[in-house]
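In this document, chain identifiers A, B, C and D correspond to the written order of the chains, with residue numbering beginning at 1 in each.
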Amino acid sequence: MPEKTYLQALNEALRQEMERDEKVFIMGEDVGQFGGCFGVTQGLFEKFGEERVRDTPITESVIVGCAAGAAASGLRPVAELMFVDFIGVAMDQLFNQAAKMRFMFGGKATVPMTLRMPQGAGIGAAAQHSQSLEAWFMHIPGLKVVIPSTPYDAKGLLISAIRDDSPTVFLEHKMLYGVSGEVPDEAYAIELGKADVKREGSDVTIVATSLMVHTALAAAEKLKADGIEAEVVDPRCLNPLDKYTIIESIKKTNALVIAHEAVQYAGPGAEIAAMAAEEALDYLDAPIKRVGAPFCPVPFSPPLEKAYIPDADDIVAAVKSIR
Amino acid sequence: MPEKTYLQALNEALRQEMERDEKVFIMGEDVGQFGGCFGVTQGLFEKFGEERVRDTPITESVIVGCAAGAAASGLRPVAELMFVDFIGVAMDQLFNQAAKMRFMFGGKATVPMTLRMPQGAGIGAAAQHSQSLEAWFMHIPGLKVVIPSTPYDAKGLLISAIRDDSPTVFLEHKMLYGVSGEVPDEAYAIELGKADVKREGSDVTIVATSLMVHTALAAAEKLKADGIEAEVVDPRCLNPLDKYTIIESIKKTNALVIAHEAVQYAGPGAEIAAMAAEEALDYLDAPIKRVGAPFCPVPFSPPLEKAYIPDADDIVAAVKSIR
Amino acid sequence: MTPDKKTLVHMYETMNKIRMFEKKLQDFFAAGEIPGFVHLYLGEEAVATGACSALTDKDKITSTHRGHGHLLAKGGDLKLMMAEIFGRKTGYCLGKGGSMHIADLDLGILGANGIVGGGGPLATGAAFASKYSKADTVTVCFFGDGASNQGTTQESLNLASAWKLPLVFVNENNGYGISCPQCKSMAVTDIADRAAAYDMPGVVVDGNDVLAVFEAVSEAVKRARNGEGPSLIECKTYRWRGHFEGDACTYRCQEELDEWMGKDPIPRFEAKLVESGAVSKKEAAAIQDRIAKEIEEAVTFAKQSPFPDPSELLDNVYA
Amino acid sequence: MTPDKKTLVHMYETMNKIRMFEKKLQDFFAAGEIPGFVHLYLGEEAVATGACSALTDKDKITSTHRGHGHLLAKGGDLKLMMAEIFGRKTGYCLGKGGSMHIADLDLGILGANGIVGGGGPLATGAAFASKYSKADTVTVCFFGDGASNQGTTQESLNLASAWKLPLVFVNENNGYGISCPQCKSMAVTDIADRAAAYDMPGVVVDGNDVLAVFEAVSEAVKRARNGEGPSLIECKTYRWRGHFEGDACTYRCQEELDEWMGKDPIPRFEAKLVESGAVSKKEAAAIQDRIAKEIEEAVTFAKQSPFPDPSELLDNVYA
């Protein structure tokens, strides 16, 4: 299979869906000729023209709302916010409008929009350009939340998100854009809500998302040296959440560690831990450990940022505290 | 002690703090002569004048941001959003500005603002006027989150919130405004971050917030009839969270049920459950149960809304499933 | 642009329909039979009627918390609306939405909206979809004087103009956002003056004159269909009732109310119709009777309809 | 309002300080010594300098992602800024903020801001605090052409006007929001025309003429101090560099850049100063030398300063 970066995989998914379906269009700040702040939409403007690859003013509320309105009117918008951090000015259009429209209207609206947003720290972009906000989106009934960790998943899940008839938030990690992996040339869809076991193991389950999947895999290699075999489960979607795969893994390993880059307190891992404490407590023989960012904004200076982002040693330490 | 409603208690706290400190002022939509949508600011405009009790345009971003800017400039604003549901247009000013300013500026800004917001279902106000969004606020480093359940707590906590030097979100439940209880006439402060055991019991710990404290107390009475003594712990603040009191209770009862009105999935109870599954697992002899709203927007029609809001029977059922 | 007789009669019907519908709700709300809030449109009937009469069935609207008038004027079904407001399973939203969330996508109604300023961004999307699909349809975005201060509204005006969308912004300036008079919420007198900030035409019309509204909106719709982009029409009007039913309205004076009640858009229009011979007094009375009957039927339908069953709670969250 | 000699010299110093500071950053960024993003202010020096020269020490500003110029013009300390941008513990924010979050509350600087349009609401709060405390201070809110489309900006303009706040909105129209030319992001040519939507004065000035900026802002500041409310000053200018360092800038043409580089605000101002006799060529050169030295000192200070220690991570989250 050809090797592609996460970024190329996303770009290919966009291109192929736009070729397949005329109703698909792209909108966002600098997504046109500029190719998107991180380059995800590069070349699409040239290929599809400015009707279908639309630069917007700096107007996030209207980016999200325009996508929702266009979706409810029969199109399939793929909107981009340049950084997930900017959702604060647009949250209403996402949670009160796009996500609720179908329910409020008694099922009579269909809102097939995808909202792509880069997340995460690692480039020294500081407090307002580095956050991971998936926990907020998980708490919104009516939305789906997709958070791919590999190029293969990125392509297949983005295609599914675009084809899905519900509003979907698609969270990319900026430190993953350059990561390579095998990606088929043809279009393919990965079902939303199916976890993927990225590594099999018998001693502890590590549920990890996005960039932390890679960190968890690195941790698993370190743990292996100490005779601990970790199973790394990547939910890939946080809503719907594949509880089944997680619980099956816990049944096998009897221990759970959860790793994400979002702030730990009231973060995405809280739900996974709570779910396990309710539905799989009998299979757990040790406390559930979470590894997430500490309770502070993302700091700027490199040594602070490095300390902020959970690393493989943090995951190893969490596992070792229970194994 | 005199009996007052939750609403009167809040009104008294505002009045007394405004009398005590000239830097305290109120701003929001219709908080002036109209007295606030629910009446919390009634009489304050007449007493303190329009410089200090300020009606704003419909401009939530600027309500929150103006409060943050005024707080950073030395005042102590108490801003009101008419319904917590409107935070979607103002989230940026809350989470990226007010909450992060101090950290980003290396400790050089102090932002002593209080943002009051009514929450909750129960009046048929439907999907965009009935939500409980405390989980989002908990996930924001730099904010404090206060969520009182009784008139006594409401007054003492609002006074503390106003006096506190950090930005504080103060979440009132609209179904509590009419609830009465003993409230001293004089001003008093309840330390932020201290839970209150609303009922002692030995068989199960029910951690409940806001309106659900009352529901949990009703459930506890029902359980008592079946010989189950529930301890009802009201954290009163979700950040800082009084883990100590919760864990001490779990040590005594060995079982935990969490009840809140927010959507259960990725809700405030997830953090409490995760915390317990990490820090008190050895004391738990049964799965942790959560009782929260189902995964849908708040419905309009009374029978649906009733089904949506967790009730005492839901809590009883959760307890019985483990006791 | 003078409307033909059919249109004139339809306008007259619509205004009366809204008036009687809202009066019914006023009574039923007072009697405790309607859950939640209702924001009545009484006194403002000419705005929705005039604006929607300038639209075809395929054109679209976004509405507000005070939406009954817009929905009825765009063809909303009386029974389905009434049943929804009564919280019944047979309502537009299966009882899930209520007064503030009624929608009928088939009629081009993208929904009432509980968020002030919430409709603007959605309207840009609806209008963009028309343009993208070369569908020749126009979208009308209704919004209040209060909503004109919300950033989402201003962003919507900007995008619509930058993209030359087929969108008409109809501002219903009833002088208040809840208790807040316009003069306290903004420094300008005419909201239409804000159009210039986006380089679009801005027009002030008498919002209690249905023909004036119709004419101004028709003009704007023509522009929009011609690909010339959006317009802003400010309709000066007044709400007769409190912000919501139950509002004691202490912030306005009786004289102001009396003055505006004197400008009741319905008799004004009726007088014109009768004078011009478009409708006779008798025909007018017959129309009123018919509508009164339709509304009674809607009430009966609503009241006889079942409430939704709790088992339906989780339906319709996802597509 | 002609500034006195001291002010003129100070302006000249400030413009040079910004210029040299930014050039230093350009070099160090290219050399990989600066973490994160930097958005340079090169070419726009006259705006910040002219505007801040119209303010007293007690007056306040809110800034943007492109904030170095504003901060320096408001008196920001070179060493503390440089150290912050280098991520050092001795910086303004102890290394926690970086380029986009530098603040100095004591100097009335409420912070650079990573959110486009984020400063407007904060500026209303700062201005309101002045008014509430009868402090006779004025706030300047800097914002870009791109930011003028963000709803928060428009809400801030509205509140400032409705409340007659002592606030001056200084729009830096450099023609682009990242790659998006003004003509694609809005239909109007002059952002100053948006002032009328809020009933405040709106003025266009040559943003590369420091005296023109100074004069217009001084006028607005006077109005503000007199309790007459806010103004909007649009300063037409251009950024010489890409949006951020590393931007290849393929969306603009060389001719446009050349044209604007020909309007370099510093030699233009210097020529005036020399001509009027306010500063001799020799004095100008001496000023430049002194500033170059100060900047070298700031660089040395920054580079010799330690990075923050990970143990400090959780400090300063709460008061």
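The definition used in the following text is that a contact is a pair of C-beta atoms (placed from the backbone, for glycine too) under 8 Å apart; a residue touches a chain by one contact, two chains touch by 3 or more.
Note that the structure is predicted; figures quoted are calculated from it, not measured.
Visitor: Relative to chain C, which chain has the most distant C-alpha mean position?
Guide: Ranked by distance of C-alpha centres from chain C, the top chain is D.
Visitor: Just curious, how far off is chain C from chain B if you go by their C-alpha centres, in Å?
Guide: 36
Visitor: Can you check how far apart chain C and chain D are, centre to centre, with Cα atoms defining each centre and the answer in Å?
Guide: The computed centroid separation for chain C versus chain D comes out at 45 Å.
Visitor: How many angstrom lie between the centres of chain B and chain D, each centre taken as the mean Cα position?
Guide: So the centre of chain B lies 40 Å away from the centre of chain D.
Visitor: What is the distance in Å between the mean C-alpha positions of chain A and chain B?
Guide: 30
Visitor: Give me the residues of chain A that touch two or more other chains.
Guide: Where chain A meets two or more other chains at a single residue, that happens at 56-57, 59, 61, 85-86, 88-89, 92-93, 96, 103-104, 126-128, 141-142, 295-297, 299.
Visitor: Could you tell me which residues belong to chain C and also touch two or more other chains?
Guide: Only 93, 95-97, 101, 113-115, 118, 149-152, 155, 158, 162, 184-186, 317 qualify.
Visitor: Hey, how would you classify the chain contact layout here, line, ring, star, complete or other?
Guide: complete
Visitor: Write out the stretch or stretches of chain C touching chain A in their complex.
Guide: Chain C residues touching chain A: 60, 62, 91-97, 101-105, 110-111, 113-115, 118, 120-130, 132-133, 151-152, 155-156, 158-159, 162-163, 315-319.
Visitor: Considering the complex alone, what residue numbers of chain A touch chain C?
Guide: 25, 51, 54, 56-57, 59, 61-62, 64-75, 77, 89, 92-93, 96-97, 101-112, 141-142, 144, 164-166
Visitor: Provide the residue numbers of chain D that touch chain A in the complex, in ascending order.
Guide: So the residues of chain D in touch with chain A come to 35-37, 87-89, 93, 95-98, 100-101, 113-118, 146-147, 149-152, 177-180, 184-186, 250-251, 307-310, 312-314, 317.
Visitor: In the complex of these two chains, what residues of chain B are touching chain A?
Guide: 61, 85-89, 91-96, 99-100, 103-104, 126-128, 135-136, 138-139, 141-142, 239, 262-263, 265-271, 273-274, 276-279, 281-282, 284, 286-290, 295-297, 299
Visitor: In the complex formed with chain C, which residues of chain D make contact?
Guide: 149-155, 158, 161-162, 184-188, 193-194, 196-200, 229
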